[in-house]
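Okay, here's the structure, questions in a sec.
Labels run A, B, C and D following the written order; every chain starts at residue 1.
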């Protein structure tokens, strides 16, 4: 499926031709050089209009945009302010030709209309402003798939040590020794959030450990869907370790969708159940520190991880270990050592390397470009392919 | 096999969302799909409510720890549902009154607990234990000073230095985190869409 | 003596809590005020960008917060509305957060009344719709189908402000007052990046750092961060205005400064005690 | 006594109960916490029905102008499958609903994240080091570019952090720490302003109801 994307680029280039007609000068009207053009990068049905106004003429009170489809009568579309210079007309029929003119109104009387401009709205098959992104995303995806495949084929893949994750085992073990539960907080967002998804995968690994060690695992969630997924995953983990009897569905429960209601509820759980290990992995907002400080006050080992840049500092200040940004997504590979996941990590590294090269090359050429024009062209090219409309 | 249909749905839904980003002609399909997704996710809230009520009735019946507070939760829950369904949710109705007079202050209070926690976390964590921790401490301290008028009174350049830290080193750090995390998200999404990662469906391979 | 200093490093956090509470309560109770200097920066950029808009432009003001972040964002809303309405710029407002509707109305009608402006002619509040980023994308092609009526049920076809507004591209600027998600990132991603509309915003101080990259790339024009941003803006909007209306951000700044100092004092104390204990341990070796 | 005053008292008493948690867990906090959880859960149910299910689903399924749009039965069924998890025998059906949620979310955020958090940031980092002029801007720009590149090296997982990679990663984590410190310092202010808001409510709204004017 993915290989179709580059083909689309070519198809798109062929299709992305827009027909537009520019009006002839009508020197008597307030509005001059009206142009109509198929709106770019839409699903059709739109026409972009642009115009200039006579510089020396008095401003009319308002202007009315009029439209005629294939020779029908003129019908008003909307009122324009005299200072406007562009407008996109929408909800048109694709393939029909529409003519436009602008009529200035002063003191309740219509002035001389502008010359006509016409265009045909067309459905676009490729967003021309996103071709650069499409190409880069396709290449990166292919690289990631390539390494996943390598991993599956049993290529030995190295992964560096991640302190927060080596501590997982110790944390669960400590909870068992102390006879206290393990608390797992999967963030406050729903299952459509990639960090929540990543967190669920890690939960599976943590649950295997708690099943092995036999310590109770509590998972309060802020979303009903997350609760369902967490139940499935934990049940599966307990099954895999051969302890299905130890699985307790009741310990994975929904609190409330409300951010601070959830924080209040989880704080209550912390001070009353006194967990010995607390995991906070997923998307967190302002509740991060409310949870982390309370967790710390009950003396739990805390392992946190999020890709939310604004919350990482709080976790660093209040938790024993913090997975920063991408480390959260590396966690499932690290804990499971599954070849395909390690391969995916290798692919991510390749993608980062690619961006680093682009940045370094771009900066060097942009800097050189101030004195030497060809270098500036390279920098310009790199800026263009990384910009997205 | 039991996962075949769900995996197919994930794949199709994911691909539609990617396609509609690049192919304007398919945007309307993407919009419909997003609306569907919102509806399906919304239905799940009933599941959560059932779970909440189950947990608390269970606790009352078996006299679990702190069971005496469970009726409070159930009454609060019922009060919102009943007033919402009976009187509506417009401003001035009981539902809105309970929301603005009770829930909002409680939310604001929980939020404002952060002022205390930030103070205790800063006190404990910001120690010059090694040179990197010292850098963290200094940058936090300078930025804090730069955000209050007193900083400028101590030395006129402090707000400028604070701005500089925010605009340069801070931006660089944030960017590195963002780009790295975006790669993690792209890879995770790809694994989801192509069914390489399927544990969320409750079936590890 | 050194043992006292060392113990200081491990004081009960409840003592910190009490000192913090007093640091906020006392300045507020005695109404302490401090002057606010205005420097170049995101707040000033924001002010200049709005100031550069010609009269008659239309700005979309999005209220993406709820009462919990009111102390920071509401004063921004009021100051922005004062600046926009004074300059005869029309305001179309909406909310990505349900509670934003009434907060927006409160701010807009307060300013509108004080300046003698008229609802529907100078401003309108379209109300709230769920959907966040998805909603913004839908507005990109057609606002009136997403918001067929304003918050009170009046049809948008009968509202003069909306005459020339059909899609997001018709706005001269979008300003999001954002407390989280959906908010500024959604507007930048779904409106700014897609339709090339200038985006400005105000946010809580906590989320400001994560929006700095947007300022660097030019994806945002300016940014008001937290109570400081609000107080800056209040001060800038009032320059040259006779008998300005009372702001709420400026008095709060005094309490905030004191509380800030207290936290910094705690950090210094913590480090003195830490260094003292390290020295002693080092000496004992 | 009127509803406004009662509202202020309700808000104030509940706020004080929650604040009591700072001292330690106690019956007041337990009461407020349980009430908060229950009320907010109820609030979101009603909110979801009124703001999503009725306008976005029901009104599409059964439009006001009459007729029925059977296509909208599909999300309805998938939603129902989600709820059917409470029946253990039918819980497998919810996988389809989950699949739709995860697939849509993954596809949507993949492109959005790639655009905004990766490409736009890379694009913004491609600058001329001389931008702005003067030695100071040179230094600042070098810090940004080196910071981003070294920060990315820190996130390399398939290389051990030794040798040159280790040194670069060390520079990276240092920049990250400076950034996190700055971010923390910047935030302190916001957190205090929330407390100021609540304190203002207690001092200037609640105390006056007892005749205490500060």
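Structural remarks
The rule we apply is simple: contacts are C-beta pairs under 8 Å (C-beta built on N, C-alpha and C of every residue); 3 or more make two chains touch, one makes a residue touch a chain.
For clarity, every value in this text was computed on a predicted model and none was experimentally measured.
Chains making contact with chain A as well as with chain B: C, D. Which two chains touch most often is answered by the contact tally, and the pair is B-D. Relative to chain A, the most remote chain by averaged C-alpha coordinates is C.
With each centre defined as the average position of its C-alpha atoms, the distance from chain A to chain D rounds to 14 Å.
Distance between chain B and chain D, defined via averaged C-alpha coordinates, is recorded as 3 Å. As a whole-number value, the distance joining the C-alpha centres of chain B and chain C reads 19 Å. Across the assembly, chain A contributes residues 42, 133, 137, 190-192, 194, 197, 224-225, 228-229, 254-258, 260-261, 264, 272, 286, 309-310, 312, 314, 316-317, 324-326, 330, 345, 348, 352, 355, 388 that each touch 2 or more other chains.
For chain B, residues that reach two or more other chains under the stated contact definition are 15, 21, 34-35, 37-38, 41, 44-49, 52, 66, 100, 103-104, 106-108, 110-111, 113-118, 120, 122, 124, 126, 137, 141, 144, 147-148, 166-167, 170-171, 174-175, 177-181, 183, 185-186, 188-190, 192, 200-202. Residue numbers of chain C whose C-beta contacts span two or more other chains: 13, 17, 20, 24, 68-70, 130, 193, 205-206, 209-210, 213, 216, 226, 228, 256, 259-260, 263.
Residues of chain A touching chain B in their complex: 1, 5, 8, 12, 41-44, 123-127, 130, 133-134, 137, 140-141, 144-145, 148, 190-192, 194-195, 197-198, 200-201, 204, 223-225, 227-229, 232-233, 235-236, 240, 250, 253-261, 263-264, 272, 286-287, 289-290, 292-293, 307, 309, 312, 314, 316-318, 324-326, 328-330, 332, 340-341, 344-345, 347-348, 351-352, 355.
Touching chain D in their complex are the following residues of chain C: 14, 17, 20, 24-25, 28-29, 68-72, 98, 128, 130, 133, 185, 188-189, 193, 204-206, 208-210, 213, 216-219, 225-228, 252, 255-256, 259-260, 263.
Interface residues of chain D facing chain B in the complex, by the touch rule stated above, are 3, 6-8, 10-12, 14-15, 18-19, 21-22, 30-48, 50, 52-53, 56-57, 60, 74-76, 78-80, 82-83, 85-86, 92, 95-111, 113-114, 117-118, 121-122, 124-125, 140, 143-148, 150-152, 154-155, 172-189, 191-192, 194-195, 197-198, 201. Of all residues in chain B, only 2-3, 5-18, 21, 33-50, 52, 66, 69-70, 72-81, 84-85, 89, 95, 97-106, 108-118, 122, 132-133, 135-144, 147-148, 164-183, 185-186, 188-190, 192-193, 200-202 touch chain D in the complex they form.
The touching residues of chain A, when paired with chain C in their complex, are 42, 46, 78-81, 83-84, 86-88, 90-91, 260, 285-286, 297, 308-310, 388-389.
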